[in-house]
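In what follows, a structure is listed as structure tokens, so that the remarks can point back to it.
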């Protein structure tokens, strides 16, 4: 594939991702915010495709564009109607310096770091590599994460049990 | 074996034994009781093993021009007998009889219907609202003196409730 | 910690695929669970009882067609019984038997439609309904043969029936009687053990026997709740005391039992039809009554077992040519009084099933 | 590189070889290459051919199947079905389409206009995009992704969001109920889908659709022979995804009118219908590819075009959905959820474990496929029956006290035969 094509695709996807991420915090309607969030996630998935990380891209769509918004939608639908718009909140002021500091850190890192250039092509097959890595090198974190999720699920069930 | 029709005279006798001074009039076809004792009589008839009127077959009202009647047809399944009970209200403008809904919950809808169409108020009925006609309908159409709506309007919906010029009381 | 959502009000009806007309249920929901039911009626109210006070006794018969329009024959019959009782008219034997035959045909037609729509309410995609309509169609053809009309038949008269049946009626009816048991067995085979139907209807909308009696429930609903009560046996009218049949009684009082009872009643109706066709005597089918029938002052309450339950006519005469008071004790209207008891705590989908098992006809409910 | 399959793999046949339409496309691309056009041109052309082909095929298939479904369901329902417009009523879908196109589209006053307008368009996307990875023939695949199976599932999950958007933006309570039902339903059945397809992937050792068909071709075995339980679960999950009875919870006509598309009219409604059909074809195509051998038919594909075999299987399988719709009533929302979580999920977990064990046994010992696959097939079918029946028994669906009791026939009136309902463990008996 042409380099120019990749560049155009990258900038389009980046604009989509960042633009919809901005819209998530800008729009007042929470459901609209969720829709923009999905768009943003789809943009990230596109960037994964560009990096020829096909498994990650599809997993991104499956989990972040498909499943996470559903949870958010449930959360919105289960809250009383009064809280369904992105109202002004007094926490905005203290959040501002925090976000500013975070942004400054990210920008400075991006500028200061000496980014290495990729010297090889894309992977032929990522799925089996990821699978093997998860079950050999990173088996401990993988298991810890699954136990954590199980505990969280049990906790949620116990919280809402009526008896 | 057909249903035994429990004659009004027999029914009156039975009621008088238990609740004296309640029967106003007894004919072979029906027995009329005092309105204020109606709930007691109904409870008695429902629980008495010889009457066993656990089933309120029908409840309706009749406009007798100078008074209103509420008519109760009572049925026993076990003994397979039928009895007719009546109460009268002599206030023709604003008739009121006690509600039997606490005795038979099946009376709830039938009393609402009778109230809506006949205008008999059933005291003690928890949700005595109009059922077929809408709130704000002028008059009670089954009354004999209901010939047209007030203001020379003929019956029928010329407009829907809630439209401009109509009282804004819809169907709930 | 219980998660509670906002109560949510949904109007089922008056325009809704499964309210069987213009019934309106106002459901208050917590999620999908019903916490309150309010019903709003009257969209089909035609003030029949008032209209009837202005017409002669004979002119009132068409109203009874249009009250329960899915069981016009039984409506006719109940009213004619009331008028006959009031005026003291004797009905010839052949007319009596014809009345029984017509009532049972009507019961088959009405139950077939009730079962079909009930399964539709359970979510079937019209298939059982279409089969049931096929059976109903045969009955309606017989009605057409007898009186020219299919739905609002206006067939019964005070003192008998309007016309004698044509020559082809009895063989055609016999063919139906011959065919029906197989059909019913086929439908039972298809429907009774259907896993999804059982899951949807069993244990849903339970109405215990004592509650059913207290709420004045009648008909298949009452029998489904385990009360052996059928006016055809309890208070036989026409010639029901001369026919042999059984009363099907459910034992659990859920929607499924009501469905089973209706299914079995169709079979019993076929049995009655068989006997009726064998016993059908000759002779006149009606007696002459004055054009302006003026019964002596008095009142009467005549009731029959209509497909929906106890259909009663309370008629008061003041000696004039028109009834002084004409009240219809509409079975499906009063059967609705337990709707709230049956549906609160269930889900929206269950409420539809319960409503389908009540088998309301809005013409009769609103009158 | 996404289009490598055009050059790799078996050598191209002549372009006129209609057994695989990919040959013609390949020929065209080769011709473009020979002319020395820009290097991106073949990609664009092949992509366009694929997209236009899938689009045309799906629209015409849908038109035909609207007619076919109506006629078939009519036969099931002792009716005739549409038979007036054109011969055998074949022009009925055209008439319907014209009607739908000319109808007024109403936007409710309180609707969220942007989402309301966007949903009918977006709903087509997931339905169509799935076809990109499905091989219609050996070479007839738009993009044979490495992660095709996962892609299919991921796209299916996007569908949830679109349906929710449609339901929420309509500002109608029935729509909202339908949307929430869909959301709840699809996240449950997504797990079922994943597990059902995972069992297949364990056997084929690849998530590439072409490789899965290739595996079935190589071993002359359809996956359904070794994974019956997975197919059963997938059919059910698929039926849930495309809203067909017995699982048309989201648009349960007798309960919530039309669910999430209650407020849509005209061509917007038509788009939802179209998407539903196309999604149905997609589910059928996935089933055919994953479980029923795709475009192969034990050597017949040498003589008959593979895409015809594929379409024949697809339409044949779609008939199962029509049949289900014509015969079954609908489950309740909580029953359907319970079916996924309590019934299908445990069975599928066991199934995946078994599949893994079997593949391990096979590969570790290096058995011959001819010996081992029939053994697995017999074992898995037996196990599937045992698991389905046994788990049903455990959950109490088969116990006699839960069966219907016929009414008691009595001759005398007045008795009361009521028995309180037997409480079933975990059942849905309300306190009356």
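Order of writing sets the chain letters: A, B, C and D. Residues in each chain are counted from 1.
Everything below uses one rule, namely that a contact is a pair of C-beta atoms (placed from the backbone, for glycine too) under 8 Å apart; a residue touches a chain by one contact, two chains touch by 3 or more.
All values derive from a computational prediction rather than experimental measurement.
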Handout entry: Touching chain sets, computed without chain C
Key = one piece
Practice task
Return the chain pair with more inter-chain C-beta contacts, choosing between C-D and A-D.
Solution key: C-D
Problem - Inter-chain centre distance, chain C versus chain D - centres from mean C-alpha coordinates, in Å - result: 43
Problem - Where chain B and chain D are represented by their mean Cα positions, the distance between them in whole Å - result: 59
Exercise for the section: Just give me the whole-number Å value for how far the CA centre of chain A lies from that of chain D. Expected result: 29
Practice task
Could you check chain D for residues that touch two or more other chains and list them?
Solution key: 413-414, 416
Completion exercise
Residue numbers in chain A touching two or more further chains are 77
Handout entry: Shared interface positions of chain C, touching two or more other chains
Key = 227, 229, 234
Exercise for the section: Could you please specify the touching residues of chain C with respect to chain B in the complex? Expected result: 24, 26, 38, 40-42, 45, 47, 49-50, 213-217, 227, 229, 234-236, 241, 298-299, 301, 303, 310, 312, 314, 316, 324-325, 327, 329, 333-334, 336-338, 366-367
Problem - Touch list for chain D against partner chain A, complex - result: 1, 39-40, 112, 114-115, 145-147, 150-151, 153-158, 160-161, 164-165, 168, 180, 183, 186-187, 190, 207
Fill in the blank from the handout: Residue set of chain B touching chain C in the complex reads 2-3, 29, 54-58, 60, 62-63, 71, 73, 77, 80, 82, 84, 104-110, 113, 117, 130-134, 141-142, 155, 171-172
Problem - Contact set on chain D toward chain C in their complex - result: 73, 76-79, 173-174, 177, 181, 245-246, 248, 252-257, 325-335, 397, 402-421, 424, 427-432
Completion exercise
Residue positions on chain B within touch of chain D in the complex are 77-80
